[in-house]
Amino acid sequence: MAVADTTTRALLSPAVGIDRSIRWARIRKRLVIGVPAAIVVLLFAACFLGPYVLPLPSPTGGDVLNSSRPPGTPGHPLGTDVNGNDVLSRLLHGGQASLIVAIAVNAVGLFIGGVIGALSAYLGGKADTIIMRGLDVLIAFPSLVLTIAIAQVLGPSLPNTILALSAFSIPGVARVARSSTLRVTSMPFVQAAALGGSPWWRTLLFHIAPNVLPQLLNFAMLGMGIVIVTEGALSFLGLGIPAPAPSWGNMIYEGQQSLSATPLLVLWPSLALLLAVLSFNLLGENVRDEMSGR
Amino acid sequence: MLRLIARRVLVAIPLLLAISVLVFVLLEAMPGDPARNQAGMDATEEEVEAVRRSMGLDRPAYERYFSWLFGALTGDLGRSSVSGLPVAQLLAERSPVTFELVFLAFVISLGIALPVAMLAARKPGGVFDRIVMVGAMTLLAVPNYVLALLLVIVFAVTLRMLPSIGFTPIEMGLWLNLQSVILPTLAMAIPLGCFYARFLRGDLVEQMNSADYVDTARAKGLGPWRILWQHAFRNSSFGLLTIVGLNVGALVGGTVIIEQIFAMPGLGQLMLQGVGARDTAVVQICVFIFAAVAVFANLFVDVMYAVLDPRIRYGGR
Amino acid sequence: MTGVGEEPPVVLRVDDLRVTFTRGGREIHAVNGLSYTVRRGRMLAIIGESGSGKSVSVRALMGLLPPSAVVEGSAVLGEEQLVGRTDKAMRAIRGRDVSMVFQDPARSLNPTMSVGAQIVEAVRAHRPLPKREAAARAVELLKLVRLSAPERRFHEYPHQLSGGMRQRVMIAIALAADPKVLIADEATTALDVTTQAQIMELLVDLQERLGTAIIMISHDLGLAASYADEVLVMYAGRAVEHAPTSTLFGNVRMPYTAALLGAIPQLTTPSHSQLTVIGGHPPDLGALPEGCAFRERCPRATEKCIERPPLEEHEPQHAYACWHPVDQRAGDVLSPLSTGDEAVKEEVR
Amino acid sequence: MTDSGTPLLKVSGLVQEYVTRGAGGQKAGVVHAVSDVSFELREGETLGIVGETGSGKSTLARAIIQVERAKAGSVQFQGRELTTMSPRELVSVHRDMQMVYQDPFGSLNPRWRIEDVVAEPLRGHTDMTKAERVARVAELLDLVGLDAARYRDRRPMELSGGQAQRVAIARAIALNPKLIICDEAISSLDVLIQAQVLNLFEKLRDELGVAYLFIAHDLATVKQVSDRVAVMHLGQLAEFSPADALYAHPRHPYTRALLDSVPVLDVVTGAVRRPRPLQGEPPSPLHPPSGCRFRTRCPIAQDVCASVEPALRDTGDGQLASCHFPLGVEAPRPAAVGAAA
Amino acid sequence: SGGGPAPSDSGGEVGEPQRGGEITVLLDAGYSGGWATGLDPATSNGTGANLPQNAAIFGGLFTLEADDDGSNARIEPNQAESYEWQDDGLKLVVTLREGIEFSDGTPFNAEAVLWNWIRELSSGSTGAPVLDLNTSLEPPELSQEFMDSLWAALPADVDRDAVMGRLGAIRVVDDLTIEMNFNSVNGAFVNGLPTANLNLIASPTAYAELGADQFKVTPIGAGPFVVELNRQSERLELVRNENYFKDGRPYLDALNFQSVAGDQVMYQTLLSGQGDVVEGLSAVTLINEARNNPQVEVHPGAPTSPYVVQLYTRKEPFDDIRARQAIYHATDFAAIQEGLFGGEGDLSQSFTASGGLFYTPEIEGYPEYDLDKAKALVEELGGLEVELGTTDIVTARSVTTALQTQWEKAGIDVTIDSKPLGDVITKFTSGDWESMLQTAGAWDPAAGIGVQVRFGSTSPFSGTPLPEGATSTADAIAKGLRSPLDELLVQAVATVDEAERKAAYTEVAEVIAKEAYGPFGVAFSPAQVVRKGVHGPGLTTPIPALAVNTGVLYDRVWVEQ
């Protein structure tokens, strides 16, 4: 009678891994999380420590007389851009901005969206209906337009970019949070907690949240890439992180304006972005698969 | 079924109203003075005031909102403050372009996603599966504006197979029309298709591995493709539908950038120009249409659920 | 129930069946040399604890195990060897020669297809009938499983049926191509007692009418005893006791079977009577101990049990694998561990 | 029914209904999950509840423990009315009324350590110090037969089903409750484990004097633990009798049918009795039959059964049944007796 | 004028013009490629930007022409035969060419010009020039038919008295002669004409037939081409005007304008063969890239408008001249020219460049680049924090970035604020700015967004101090107050004598330098990039930009067949 196991497992595991043969499996298992995790750590180290450890020039305030140098120029391993700024330095500093935006947006989305979604599910009834209708409006609203509007109203800057992008990460998170909260609250252990005399906030904090969070975190991991890309799209519309401060997004945007002349200026940030998105996605998915494999 | 549709439409109305209010508020909050924009760089204060009056901007915001709403409901969408043309006429010119783009992007993305996901799910962990899934993830990470430019460089500049910009209306020939929309459509459809493919493949594999009715189907002696299509996919299609519904908003919004790159005279461009010039009448209706498309797409998804899922169609026992 | 006149012909002969999974670099021996035969029109019940390899052993016959499973040994159905076939070759056999009814009828039917379509699909999987004829055959099958208003049910969807009706549909699907052997893997576990009895009744009836051999898997000793002709008790992937039903329950010899019997509440005993309990866990199939697998939980175990007892017919038609069989007729019960409390504490080694 | 003082639990006229919604959310019908159920439970007594799936057993349990408020009726526990209590007041009630669920893993938070799981009610309902709690948890784990030292730091996923269910029981008895509601508490366990847990319940009953509301599908299991048994059918009590009497001579044809559906194996002789299946499909809870809800499947139904709903009444020997023609009772109409015989 | 532009890369012999063929011209959607307000010269707000379209449809009374090397730029009558200033520069008499017809066959005569001019001055277009007309003259007797047609073509709420006043000032002398009477001398009027809507004459008959809305879309002029299809701000398709008044012209059978977003896409489209000409490619990297591409030719324009960093003197920090001087001294445009523009273009210390009128490369008293001085000044000020605004265009962004770097070397703390044009306008008009990178001047400094707009005290786009006694711009206008610089600017146009004007402008430049109102920098004109085989004045030979973009003479553009 494996009935019990299946229901519980279903809660904890949205996906079931496929059986793979050979004893690769164990090594694979470690690699599958280890490699993307290592890349993520490396990316963060490169972007947040690199600029202080490596002998790199400032990402801005380059010498115009030294502009558009090809990669391999002494002192500029990846060359310089039109403004004479060191591309490698911009890439690493830009990574800081992009990663900060990605993390901050997801953190804000996770927190606000999570709280909204969880409350909506937990309160249920009218409150749930009202909150969900409100989210419907946000979801139906073309996100890019909303972002443009917010960015226009507030003006481009790093914090405002974060704010604007959060606006459209919130409803998504809220939905996921709501549905998984609903699932968790229907679990008997939540009922048992009430019978055990736990006040609602304790239940929410210690029973529901720890079981909802992994799902949200995985969702957020997948969202990282989207945020970094969208930040670039904002640059495309003249918003986003204001020049000359670099971000991968605005580097790609600026580069693409003369793509055929200087394709490398697009290539570098695109590769960085690709690497980040790939490893975040892989990490998110594999961690989820792992958790479900338990 | 009709009742279901009617109900959903009723729910959509307050939603759309709320959206129109939200757009209005956002436009109000944006910095910049439409009257000044309209009057031009060297107009005097009096001229600007006159323009303001003639645009009706001296009235309070709620009054303007209601007169807009009333106008919209009675079929009068007002005139663009930039071109002075009736908004209805602009919409008539622009919407076909955007709708064609969005529609084709959907068709193509699903057209990519379905076979790819099926082939991948046929042998999970196989060579094809791995290649395709890594490829899909990679393409997903490429911003659509970069993808657009790359497509143009390859297909328009290097191979000269397709036009790099512009839109040929369908009246000038279907083939010419398709040629003009294929690159922008691909730029939108490829990332989307990758997304769908990944999602669908995951869902299919899960169905194939753990769904009991898949076991039943295998026990009947059915072939793998039939099981994949008839059993796994049918049940995966609900999840896919949900994702598709949720995506419409993003996709329609995404035309803003794609239309700009490909010089497509669509709603996205119109809206972007409108935002720049604080052309309230135009922006209001563009955003509204975008939102309405998303709302109705979700309505359509709900109806599709009912069509596809007998549990909804025939109710519970 | 058995042994009246000529024995019907053997339709399925399973010989030294072994199934091994590889998971995380570890080999899991789910089935370890299982042998039995099934005769036409007879019912074999396989019983045992959860994880004893019941489902795996029958799924191996159907080729329904995941690719990570390695199946060895032999299973001959009619003329055909089932072990070692490719999936494609297996497809021709599934449904036609051997078919299967699963535990949960609510989940074993595709919710998006009408009942009729799912039966038609099964009919046409092995016989290229035109659609109309296949549909007629499907309705016939629905009648065969005694579903009320078969013409109407044909167009209904699984969610519109009750649990019992769904299981009847599953049986109809399983019978679509006149299989020689029907496997019912806990086909009634998820149903109410009332429905369970109806479904069992139906199976027995079909078995008699169509001559289909049935392998029935169950936890429920009473159910097995009521319907099966033969019972096979599995433990840790092996058969530990195997005999015609009356022989087996008439005098249970294997301590494990006795433990199962003792642990089950009976309608005939008074309330609040103590159940006999044995502690411990079934062994880890990844690291099976030497000797008798039940040894560590067995109250009768001795040094001798470190050597594995073979499954042998110690008595006519009564095979068991034990050095120290119980003799129920002699009043043996599974003391001394009657309350199980101490056993509970022994549980984890 | 009872002659002692205030019963531990007194349920009267309990009604619970659910509105089901079809496509697009329109009302499709009302499920009469529990219809006018009344009974009493004494201290230290075990009441078994059996019935087919969907007969309202779980709903009844939920309405008693107030995780879902009933539509109508009253639930008195130790003389206190629960249905009108505020959630805050209910907290104190839950000290004495606990629940054990079907899915042992689902009822334990997978991210908590066993020790914290068991200590939760202690933290919620008492002001024990940490050290006291630790000691009590050890005591409780010991009581349910788990070695505290070995298990306290594990997480639920590292336990077997039986062990997990014991943890859930330890949690339920942590506050020495007067009543434990077990909703299919052993159904998901393996046969051998079931026996262990059943024995544990018995032991706790003896040692702590707990009363149980024991819900299960399996009639034999219910019989094993119960003093009295309630048979539910489509939201109603079909029969409510002392356990041994009910199994020996059921009064309601439905009880009879249930018993007949169970195969009986004599462990000693190996003799079996094959089930005698009930004919017909269970009716839909959305549209229960008029009159007696069992009449569509009842072998002895008469015309009156379709028009008059039978009330739950004493048919002698303290056996209550809601049937116009209770079995084994000298009935006014010989036809009915003949049919039952 | 001064040093010629860099030689074109065309090489090879250019043969005789050939007739026939069709080209597509790519226009930047953000500027000339946007004609959302339509092409009716009286109501269009984009006359200045939509030079290419207007040149093709209307041709123009006058055109700006230059020698093949871009030098000797001059105004030439086109549909007009000649013009003459009379009454000491208070009356302009324009004579039209004989025998011109609109493309609908109706005559192009003085009455048509009058009808157009009155409309263009009275329809509320932001492109209408502000003229000091002598409206005190009694309007002559005009035919009822004409008056009806005029009133019908004017907005319903038009100020009828003003119109009558204009009818007094602008008069038909005879069928081919029309005169315009001014209150004050306007020496820049004719030079400004080619970018003004007054230069464009449309068919009154066609207007009456088509109606206002349709006329915006398919206007009828007497230019070399006729509109066949017009999708506003997207694509304009024109075919040869068979009625064109110049024999054998235009050379092309058809001409298309396509609006495209951004330099990269324009360039790509050209390479993909979907366009033949990019009018105005400004991204330097792409221009360099194009130079290396054998399929296309790059023709740099004759630069007229230098970059200027406007400083807002009416509030902190630039109300202090030391802060402004610090900016001057910290700015090294020579390095920017070298680094960003590959040494192309001119360096200028005033508001014009080599292609323009009155070019003086060196201005006396101009505070030149001197980092030490800048540092000293900043130190004296106790630090300097500046917001530097710019319009969101690639090249402008690069320049601001470079400026930021240079200024920071002098200890000036800079934040860059780059915004779309609309938002920049808003910033200007609300006075919410400190410094702004813009371009100043035009071929004639008084034309277009010229020196008056950037430095006149009452212009909303200027940061120079208000006249003494004025509390706001409006106040200054109301009281008729002028700053000394305003006086000089007025002087510079209050004569038709070129030498006098040049002297006045030199003085203006000196005042700006002395007061340090804003450093001037590189004058770089966007390049025309054409497919090999396309020729024409303004495309393959430079013509100075009248205001912002070059006026290509499309009736003389031809392609090798």
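We call the chains A, B, C, D and E, going by the order they appear; numbering starts again at 1 in every chain.
The rule is short, and it goes like this: a residue touches a chain if its C-beta (ideal position, glycine included) is under 8 Å from a C-beta of that chain, and two chains touch if they have at least 3 such contacts.
The chain lineup, named per UniProt: A, B = Peptide ABC transporter permease; C = Dipeptide/oligopeptide/nickel ABC transporter ATP-binding protein; D = Peptide ABC transporter ATP-binding protein.
Quick caveat: nothing in here was measured; it's all calculated off a predicted structure.
Considering the contact criterion stated above, the chains in touch with chain A and with chain E alike are B. Ranked by C-beta contact pairs, the top interface belongs to chains C-D. Between the Cα centres of chain C and chain E there is a gap of 91 Å.
Chain A and chain B have Cα centroids separated by 23 Å. A straight line joining the Cα centres of chain C and chain D is 30 Å long. Centre-to-centre, using mean CA coordinates, chain A is 48 Å away from chain D. Annotation for chain D: residues 190 touch two or more other chains.
Contacts with at least two other chains are made by residues 50, 66, 162, 219 of chain C. Shown for chain B are the residues in touch with two or more other chains, namely 31, 149, 153, 157, 209, 316-317. Against chain C, in their complex, chain B makes its touches with residues 209, 211-213, 215-224, 230-231, 234-235, 308-311, 314, 316-317.
Partner chain C is touched in their complex by these residues of chain D: 52-53, 145-147, 150, 160, 163, 190-192, 194-196, 198-199, 202-203, 217-221, 223-227, 243-244, 247, 257-270, 272-279, 281-282. Residue ranges of chain C in contact with chain B, taken from their complex: 62, 64, 66, 87, 91-96, 99-100, 102, 104, 107-114, 118, 121-122, 125-126, 156-157, 159-162, 170, 173-174, 176-177. Per the touch definition, chain B reaches chain A in the complex via residues 14-15, 18-19, 22, 26-27, 29-31, 124-125, 137-138, 140-143, 145-146, 149, 153, 157, 202, 205-206, 209-210, 246, 249-250, 252-254, 256-257, 271-272, 275, 287, 290-291, 294-295, 298. Residues 15-16, 18, 20, 133, 136-137, 139-146, 148-150, 152-153, 155, 172, 225, 229, 232-233, 236-237, 249, 252-253, 256, 259-260, 266, 270, 273-274, 277-278, 281-282 of chain A are the ones that touch chain B when the two sit in their complex.
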